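Chains here go by letter, A, B, C and D, matching the order in which they are written, and residues are numbered from 1 within each.
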Amino acid sequence: MFLKDYISDVVNGVSSLLKGMRKTGYYFTHPKEIITEQYPDNRATLLLSERFKGEVVMPHDANNEHTCTGCTACELACPNGTIKVVTKFEVSPEGKKKKAIDALVYRLELCTMCNLCIVACPSDAIKMAPNFEHSVFDRTKLTKVLNQPGSKIREGIE
Amino acid sequence: MTNEEIKEYISSIAPAATFDETGEWLNMIVESAQLKPTMAALRTGKMQMNYLFCLTCVDFKTHLTMVYHLSATTHRQSIVIKANLNREQAMIETVCDIWRTAEFLEREVFEMFGVDFTNHPDLRKLILEEENPKGFDEKKGYWPLRKDFEDPINMIKL
Amino acid sequence: MFSLEGITTNVQDWLFMKFNPTLALAMECVIVILLAISLFAILGLVLVLMERKVAAHIQIRLGPNRVGPGGMFQTVADTLKLIMKEGLVPDLADKFLFNLAPFVVMMVGMLLLAPIAFAKNFQIWDINIGVLYISSVSSLSVIGILMAGWASNNKYSLLGAMRSGAQIVSYELSAGFAVLTIVVLTGSLQLSEIVNAQQNGWWIFKGHIPAVIAFVLYIIAVTAETNRAPFDLAEAESELTAGFHTEYSGMRFALFFLAEYINIFIVCAIGATLFFGGWMPLHIGNWEAFNHIMDYIPSSVWFMGKTFFLIFLIMWFRWTFPRLRVDQLLNLEWKYLLPISLFNLLLVAVIAILGWHF
Amino acid sequence: MYNQTEIIKDTSELGAEGELVINMGPQHPATHGVLHLVVTLNGETIKKIEPHLGYIHRSIEKMCESLTYRQFIYVTSRMDYLSSHINNLGCALLVEKGMAIEVPDRAKYIRVILSELTRIASHELWLGAMAMDLGAFTPFFYAFREREMITDIMEDTCGARLTMNYIVPGGLMYDIHPDFQKKVKAFITQFKSKVTEYEDLVTNNVIFQSRTKGVGILSAEDAISYGCTGPVARASGVSCDIRKLYPYEVYDKVEFDEVLETAGDSFARYIVRVKEMNQSIRIIEQLIDNIPEGDFVGKTKNVLKLPKGEFYTRVETARGEFGVYIVSEGGTTPHRIKFRSPGFSNLSVLNHIAAGSKIGDLMASMGTLDLVIPDIDR
């Protein structure tokens, strides 16, 4: 009886090991199963989801106009103080004073990509862009001004 | 078991206990000196509260409150036990001989709130460093989760 | 036909013709040492790359493919990096033993090369107790590992070394018994005779089931002896970080690393010699044409092919199985492998006496 | 050359009974993350394990006291990063309960599907890492292949692969990706065809079984007393699945089994998690075709203020019962917030189950507790 158990132990053990080896052997002989992405080489074909939260950007149209009114909703919504809105008063040709942004300072090194600023924005002035290659050698480069120089607010946006 | 029965039962153990039924579960406030016998009775008596699922402390600026969330795996009734503590000399008896999980939870409360658990087998800091940071006022105590805790280096106010 | 045998004879003849016998012998020694060292270097490079490629393909990865075509020069780059790295010695380490240990381990590998027949009549030293020599020298490697573990003055290293000591000493037994089965079948301890005895068929085919069992036992035991997964308890990455070579860095680490692969090569070479006929080509019964074609493949290719097949097998084990626990490891040896190998030896003795083998 | 005195001086520090104290971590291959265990050994046998925590302590509870009820949800992704979606869900549920916010059915369904996908992803990662702890490197890559499909689904819909922050009080941040259902179904097919691989490679492997069976045994009483939850407690036969006991969202509408084992050893904990993945697939299959049309977010006020009082919610994360306890003074920020993290209680049991076993067993015990260090340190 003891001998029978002993032999069945050995046989079962060895067969379970062979099953595992069959599985790894299968993958060894089937190079088609390889899932490696050759990252820096496949930049051209690398597809990120359009929703991927990489960094906050401010879209500008062809006339270098954006839709940010400088309402600071994003600044208030941000949990880490990533966004700082610097406003100025523009004088329109009619002589009316109007609030506008001077600079929308965005500090990428503090950002946690939580998307709360984008949800808070009433005029869809900022959005998340699917970029992920953010590494720089100088930390100050991570502090960005989102509105392009010379840009102004699009007509009709309040 | 209805709330009334529980109240009746608890009143028989701790006559000084007061009840509060506004929340989701039955809340009960006991004297800090009465806590240990009450807890022991809840664990062993007809309640059989064998599962301590949350143990924490709340700083109400005037006093500290120990909060114990108890439940039972048999009848699944949850109750909340509270005990008010003096801020200057926060002391309460340990419950870690009743529920083993309290050992770590009490160590956490000890370092975060400065509550001294008497008869605790191994009351040391668990998460923070053994020694308080340099230049810190030793008399005030280094208890980060208290409301008057100030740390000009690591805490940034937005 | 290209033959290593011809080259060695020519070189020897030329040396003895030009110089007096003593000088010629000394020069032969130098040549052999240089060849052995260069073999070590090449084997290290090839085997490390092979391991990484095998692992990668089993793990549905590509493996190194950036340095050189298909990553061929990856290990060269790694070696350069290791040479340039600072070799740290811990403050409280036993400096002498710490520096000595990697060399002891390497030395064992070098000594073991001596009796291996790489091709027909291409052997450094055809000693008449070859098998005995191999099993006695190979057990020396445990000294180097113990030395490293003790001298590092690191608790992980010490634990790893102690594990390794227990492991190698016990697995020596079943490796020895597995080798003995072939010795019983052949009736000689000399490796060249063992190879010659397999002219009309390899022992794994000729020796019936006992030879197959002996082969399986041998592979398991040598996997343990070379500290390879699933028996890599001496290193046990997830338990002891790196076991006995935790404190080693730079070139000293590289020597340990190299020694591991050299040891694999040697045990597989011996395995191929004993069970698969060494450099003997595959001959099947009376198929004259087939046998003739097989003879055309150089004997060194046969030897290397068999050895690398066994090396692949050991690598396959490593990337499939979990690691054993230290007491289970000893259980496996003393409760399973040793009784089976003893029984197997008995069986082989009966077969050999009755002449049942082919 | 041979400096004898130095070495003897060192061994004399080990203690009279030949005890050996080794520091496992904070950088150690088996303590995934920065867990620091001070292990007292006697030879290969473990005498005592003492965890030293705090290497990744960020005082999230203190941070949350200065964040509003919309903002504090994202921080909880950084606690148990492997089930970040479920953590977010727990916090959102508390705010919704406290303020009586109606959540549309569509949001509920999607939340549950994503929760279960998160659970599978977490268990897949655990399976690979656990096999790696025991010395088998290859299952790690096979498990990650399937997990990668889930993270791709998450990336499409939530915009992030790990720290999703897809939930807002009242529903979801935005609607699911149009391809969501198709991709989830593709994942289910792939998962079902590949799950046998784990059986061949890990579950039925004789070495794996001998490494885990009878190792790190935790009795049901001890599991309750130590506050263990999740697969750890369920492997000891303690019924503690919050999804069954206190159903939230649409868990009362779907059929699934609470996986219970009785052995309480490492192998039982392994089996519970593997079976749980199948149950999660079952839940997703029931919901994926029935996501109702409608809004994905309910109507909420602009500024959220929790009424004065105390609130507690619990959800079942991949590691066990995650509780959120908030004391509110009626303002826009919580007065005190406490996260009852499952990993903290599960860690406290480590000394109990691993003392007396071998070093190799510690890896099996610790691996099957499935510790996530940021969840423990908070």
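By our rule, a residue touches a chain if its C-beta (ideal position, glycine included) is under 8 Å from a C-beta of that chain, and two chains touch if they have at least 3 such contacts.
As the structure is a prediction and not an experimental result, all values here were calculated from the model.
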Most central chain, judged by mean C-alpha position against the global CA mean: D
Chain located farthest away, centre of subunit A as origin (C-alpha): C
Separation of subunit B from subunit D, taking each centre as the mean of its C-alpha atoms, in whole Å: 25
Rounded Å distance, subunit B centre to subunit C centre (Cα mean): 63
Whole-Å gap separating subunit C and subunit D, where each centre is the average of the chain's CA atoms: 44
Centroid spacing, where centroids are CA-atom means, of subunit A and subunit B in whole angstrom: 41
Junction residues of subunit A - those touching two or more other chains: 17, 20, 23-24, 35
Shared-contact residues (touching 2 or more other chains) in subunit C: 58-61, 319-321
Residues of subunit B touching at least two other chains: 158
Contacting residues of subunit C [partner subunit D, same complex]: 55, 58-61, 92, 94-97, 153, 155-156, 159, 163, 229-230, 232, 236-241, 319-328
Residues on subunit B engaged by subunit D in the complex (per definition of touch): 22-25, 27, 50-54, 56, 58-59, 67, 69, 73, 76, 80, 99-101, 103-105, 108, 126-129, 144-145, 149, 155, 157-158
In the complex, subunit A residues that touch subunit D: 12-13, 16-17, 19-20, 22-24, 35, 48-49, 51-53, 77, 79, 112-116, 119, 128
Touching residues (chain side subunit C, partner subunit A) in the complex: 54, 57-62, 65, 316-317, 319-321, 336, 340
Subunit A contact footprint on subunit D (complex, rising order): 67, 70-72, 74-75, 78, 138, 145, 148, 152, 155-160, 163, 165, 168, 173-174, 177, 197, 200-201, 204-207
